[in-house]
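Note that chain A is present in both complexes that follow, paired respectively with chain B and with chain C.
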Partner chain A sequence: MSTPHSQGLSAPSAVMRHCVLLITGALILVPFVWMVSLSIKPPGEIFRASFSFWPQQFYGIENYTRALTEAPLPQYMLNGVFVCTMIVVLQIAVCAPAAYALAKLDFPGKNLLFAMVLIALILPHEVLSLPLFILGYQIGILNTYAALILPFVVSPFGIFLFRQFFKTIPDDVIHAARLDGLSELAIVWRIMVPMALPAIIAFAIFSVVSHWNSLFWPLIAVRDQSLMPPPLGIMAFKNEEAGNDYGPLMAASTIVVAPLIIAFLSAQRWFVEGLTGGAVK
Partner chain B sequence: MAEISIRNVTKSFQATSVLREVSLNIADGEFLTLLGPSGCGKSTLLRILAGLEVQTGGSVAIGERIVDGVRPKRRDVAMVFQSYALYPHMTVAQNMALPLRMRRLSSWQRLPLLGRFMPGTTATTAEIERDVTRTAKALGIGHLLARKPGQLSGGQRQRVAVGRAMVREPAVFLMDEPLSNLDAKLRVQMRAEIKELHNRLGVTFVYVTHDQAEAMTMSDRVAVMLDGELLQVAPPQQIYADPDDRRVAEFIGSPKINMLEGKVLEAGLANMAGAAFSVPVQVASGTTITIGIRPEAFHVVDSHGLNVLTGSVRMVEHMGSDLFVHLDVPGTDHPVIARLLAERAPQIVSGQTLHLGVKPERLLLFSADGRRLRPEDHAGATVLRMKEHVQ
Partner chain C sequence: MSSASSTATKPAASSADRPGTRKALRHHRLAETFTAWSLAGPALVLLVVLFFLPVFAIFAIALTDWQFGASTLSFVGFGNFKEVFADEGFRASLVNTILYVTIVVPGTIILGLVIALLIESGKSFRAFYRAIHFLPFMATLTAMAIAWEALLHPTIGLVNQTLTGLGLPTANWLRDENTVLPALAMIGIWQNLGYAMVLFLAGLKSIPQDLYDAADIDGADLWLDRLRTVTLPMLGPVTMFVFIVVALKAFETFDTVQVLTQGGPGHASEMLLFTLYRESFEYLRTGYGASVAVVFLSIVVALTLIQARVMDKKVHYQ
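Moving on to the complex of A and B:
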């Protein structure tokens, strides 16, 4: 992509391609830029007809102070960090051995199990929310961290992604590891997971992003403010009095999104490699 | 002490049978090569020895111990793979240390951070490091210990793979086509090095290859395998000069052995390709037999007669010390290939008529089912053995 000429593209089509990419990139970027811009404007400027990125009056400090103090946003962020970390750690702990078994071991019913993983991959998680709610009520974990974490521990997507990646690792490596004295679990953690690191990191980013931003299930599962994840915190600025609290709302949104953007940029290389690495070997 | 005894081992994947009743004894310290074309089951047999695959039937013993159902790591065998199977995320030193760490350190001592505070870890780790360094130096890869496999050349990777197997001093070395990914020059060099390694370590080697040159140059004994069966197990010279089976004779030797079909006319005489051959076996007249003649068994004679093939020269290949002469003999499908010493053969040009003689003792006779007919065999015994074979 960065070297269109080396792929034999003529100059006009290279220009065309970059135009399309730039427009698409801009479309995705504009709302974020707008959000950041609004978060540093006073209420009066937000609804002005003309648009400028920089406010005439810098109101950022007030907005961000309100965002951080009005709702317990730091508490929500900590909840988000804890819940996402637990989810991703447990997901990898469950998915890697499961994927190893599906990719490299022979046992009766393997294809059936994999088919079930694929079916689970098709089902949106929301479909399961009512059964999960009832289940959570029965075992008494509603309104706890466990209610936010446990439903996501088994990730069909993770199992599928890891299985595809593990399948590209030659059998001889596993045979060598067995001869070297590694147990099957040691093979998973000391050989397969380090070799599939790009896929693991890509999956971790997917998982963290989707659970950091998750609104639907936390809304159902927890009522206690001290357990709420960041998106519920943003809601706090929407419902009260009028709709004119957009400055702090946007400030809160910026604070909530920032960690993800920083994490993605620092792990970008792994992310891209993990998505394509399995397919193009 | 690690002699290996394989008894009636069979292996099938669903309906296809890969190994059929393979029995083989390998002496302690022997270098045995399993030789055969790809798909003949030789790698499967090696994997069964290693414990990586489970046989369908039969039993394997290493040393005094039956190892059926024993896990690979408990068998005291090490294996070198065709693809080397190095761990790409570990350095050479870590690759070579892993089998030692798994054996000498307890699972507590192997814990990532806490392990080094367990009693004895430091001493054992230092010992492992010493052993790894010593082995690496012996293989000439001492300067590569900090590199990762991706930064090494093919030959260096191969040495690391050998080093990883060698460092734990196993009783048995298993090698699965370890040289086939190397270029021709390096292959010849590593061939000598592996042979030297065997002499130095004195442990049992089982070596799998499809390359007859490797098998002939390195082995104490060669086991020729075809379609899941062991055809012959013998020292290299005997495999070449005295094959038990037509398929062995055809697989070994380059250029390929010449095979001529014919009929026994009367006792001790057979007719093939318009020539009479003395056959010192007692088979009924009218029996179809095949005569195998190695290319170098021919010599030029002046005229047609007993044990002489006559034909016109199709092509002459000069190989320096030898000439390969391709001879069109009436009544044969393929040209007969003769390997003649350059200085002994007179000037041979294509198109000319040539008489090639063979000494009767250099004729290899095979019955119609491919079994070798030896002078002491007589018809009755052959029939009996054929019946046993069928049963």
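Moving on to the complex of A and C:
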């Protein structure tokens, strides 16, 4: 039987498939390739405008050095790493116990709590930014790391995802753990979380990618360059450079984009699963 | 063992009749409730403080003339909303956002679907093609926007060079009010089509093989016949899901506007989130900004409810 699953394409169709996908793939990659290309060209060549990827005069060292020294780019990267790590660790610490209670315990108010999680899941975070800004102002944390982290320490999506996963773990496992004398909190951390590791990893990737890439809230929450995460930092760098010194600017962009791209290419499946929010199974 | 066995089988009714057991059971329930709330407590408090109070606050602020930092405020009812909808800038922002969404959503869905179908139609290099097309979705958009600015540069940009080379007319894409929105939409499609693609790939995998076999028996020999009779009809629900999530993403576009155009030229590329940001945090027109937030929230919630209705027919959370 000829089906798309069991049989390959005929030779001409297979060639067509590769042709089209290579062309669309190449078009998708153009911005990346162009960014890297400009990041290793001297200003003269950038403004002479040629199609060639490789520069006649390699200017990468100069551009990358300027990107790393003229803007506090290493500081931005460290800020990004610190903020993303804190957010994801706190999110898991807050969400896993709540998800366990929702998945495996019976208590009055359980349905209300789950309804709250579902409602919070719908709310776009940008809508909350004004009251959160006022809250940050009132408690005096604006323009600190705390301002970048606090609004995200509870993730409705995290609770929802972990709850779904915890529900699939058999109750017998929990009973056995209780008979062994484990406390409920110990059950969460020593039984549930390790058994739900795929969900935890998928969520961690989702969280890190979205917070590494996010511009909106950092733009509101911090003013000091020394606190800026990469997207905000690179925007500040662009504005300072009057936007026309493309070499160092492209070098900085490349450095900001690189960590996630490298991580993605080495753990593709996890990234796809994490970023499509469990919609892909 | 202090705690609770929640999920446990319910004790037999007869044993609960005896007073001692009933007391033990009540104690047991209390203990379980206490455990559950102490586990969920931090999440509950944070949900209230970081999500629910802010949502109530945004509705409350939207009904006042408060300006951030001012010590007085007065209740103006729906005055802000009247002002918002009378404001030419906001109307432009709303129209631009809708226009942007109506370009990005079909573009993303069609390209995502075609690429997913092509990838799925053969066996070789599937992971490779998937990775390439998915790349923009997770790349930092602020940085990639800067790369796009270089590509779209009027004189030294690759896009105009290529068009000149082909003898086609060029444009100052991001500075011309006729081209700026389509240019931003192109970036939006570029960013999201990989996301649509993986959702479609998942949908394609879940189509039962039997249907293709049946179609074969019915004489659907050609790939195109099978596409028309089996694949596309079976992708209906996935397509609806993709439609909504991509529309939500498109409505939430902010980074490219902020980095590339600042809403200009004029109001030509101003979109809702950018208006929300500028009114609330640059102009400090707090009440007005809150009203924009309420309008934005209404659109997002409406879309999500449509999605929930559609998905409800397929997915059950409990």
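Here is the rule we go by: the second predicted complex is superposed on the first by the 221 of 281 C-alpha atoms of A that agree within 3 Å, B and C clash if a C-alpha of one lies under 4 Å from a C-alpha of the other, contacts with A are read in each partner's own complex, and residues count from 1 in each chain.
Quick note on the criterion: a contact is a pair of C-beta atoms (placed from the backbone, for glycine too) under 8 Å apart; a residue touches a chain by one contact, two chains touch by 3 or more.
All figures in this text were calculated on a predicted structure; none of them were measured in a lab.
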Partner chain(s) touched by A:Ala120 [first = chain B, second = chain C, both, neither]: second
Regarding the shared-chain residue A:Val173, is it in contact with chain B (first), chain C (second), both, or neither? first
Once the shared chain is lined up, is A:Pro198 touching chain B (first), chain C (second), both, or neither of them? neither
Give one of first, second, both or neither to describe whether A:Gly136 is in contact with chain B, with chain C, with both, or with none. neither
Which partner reaches more residues of chain A (counting touched residues only), chain B or chain C: C
First (chain B), second (chain C), both or neither: which does A:Leu265 touch? second
So in the superposed three-chain picture, is A:Pro55 touching just chain B, just chain C, both, or none of them (first/second/both/neither)? neither
After the superposition on A, what does A:Pro248 contact: first (chain B), second (chain C), both or neither? neither
Contacts for A:Gly181 in the overlay, against chain B (first) and chain C (second): which applies, first, second, both or neither? both
Scan A:Leu219 for contacts with chain B and chain C and give back first, second, both or neither. second
Taking the two structures together, which residues of chain A meet both chain B and chain C? 175, 178-179, 181
Given the complex, residues on chain A that touch chain C span 1-6, 8-9, 13-14, 17-18, 20-21, 24-25, 28-32, 34-35, 38, 46-47, 49, 51, 94-95, 97-98, 100-102, 104-110, 113, 116-117, 119-120, 122-124, 126-135, 150-151, 153-154, 156, 159, 164, 171, 174-175, 178-179, 181, 183-185, 188, 209, 212-213, 215-216, 219-220, 230-232, 234-235, 238, 243, 246, 249-250, 252-254, 256-257, 260-261, 264-265, 268, 271-272, 275-276, 279-281
Help me check something: in the complex, which residues belonging to chain A touch chain B? 170, 172-173, 175-182, 186, 191, 194-195, 197
Can you list the chain C residues touching chain A in their complex? 1-8, 32-33, 35-37, 39-40, 42-44, 46-47, 49-55, 57-58, 61, 68, 111, 115, 118-125, 127, 129-144, 146-151, 155-156, 158, 161, 190, 193-195, 198-199, 201-202, 209, 212-213, 216, 221, 223, 226, 231, 241, 248, 252, 254-255, 258-259, 273, 276-277, 280-281, 286, 289-290, 293-294, 296-297, 300-301, 304, 317
For chain B, which residues are in contact with chain A within the complex? 47, 50-52, 71-73, 77-79, 81-89, 98-99, 102-103, 164
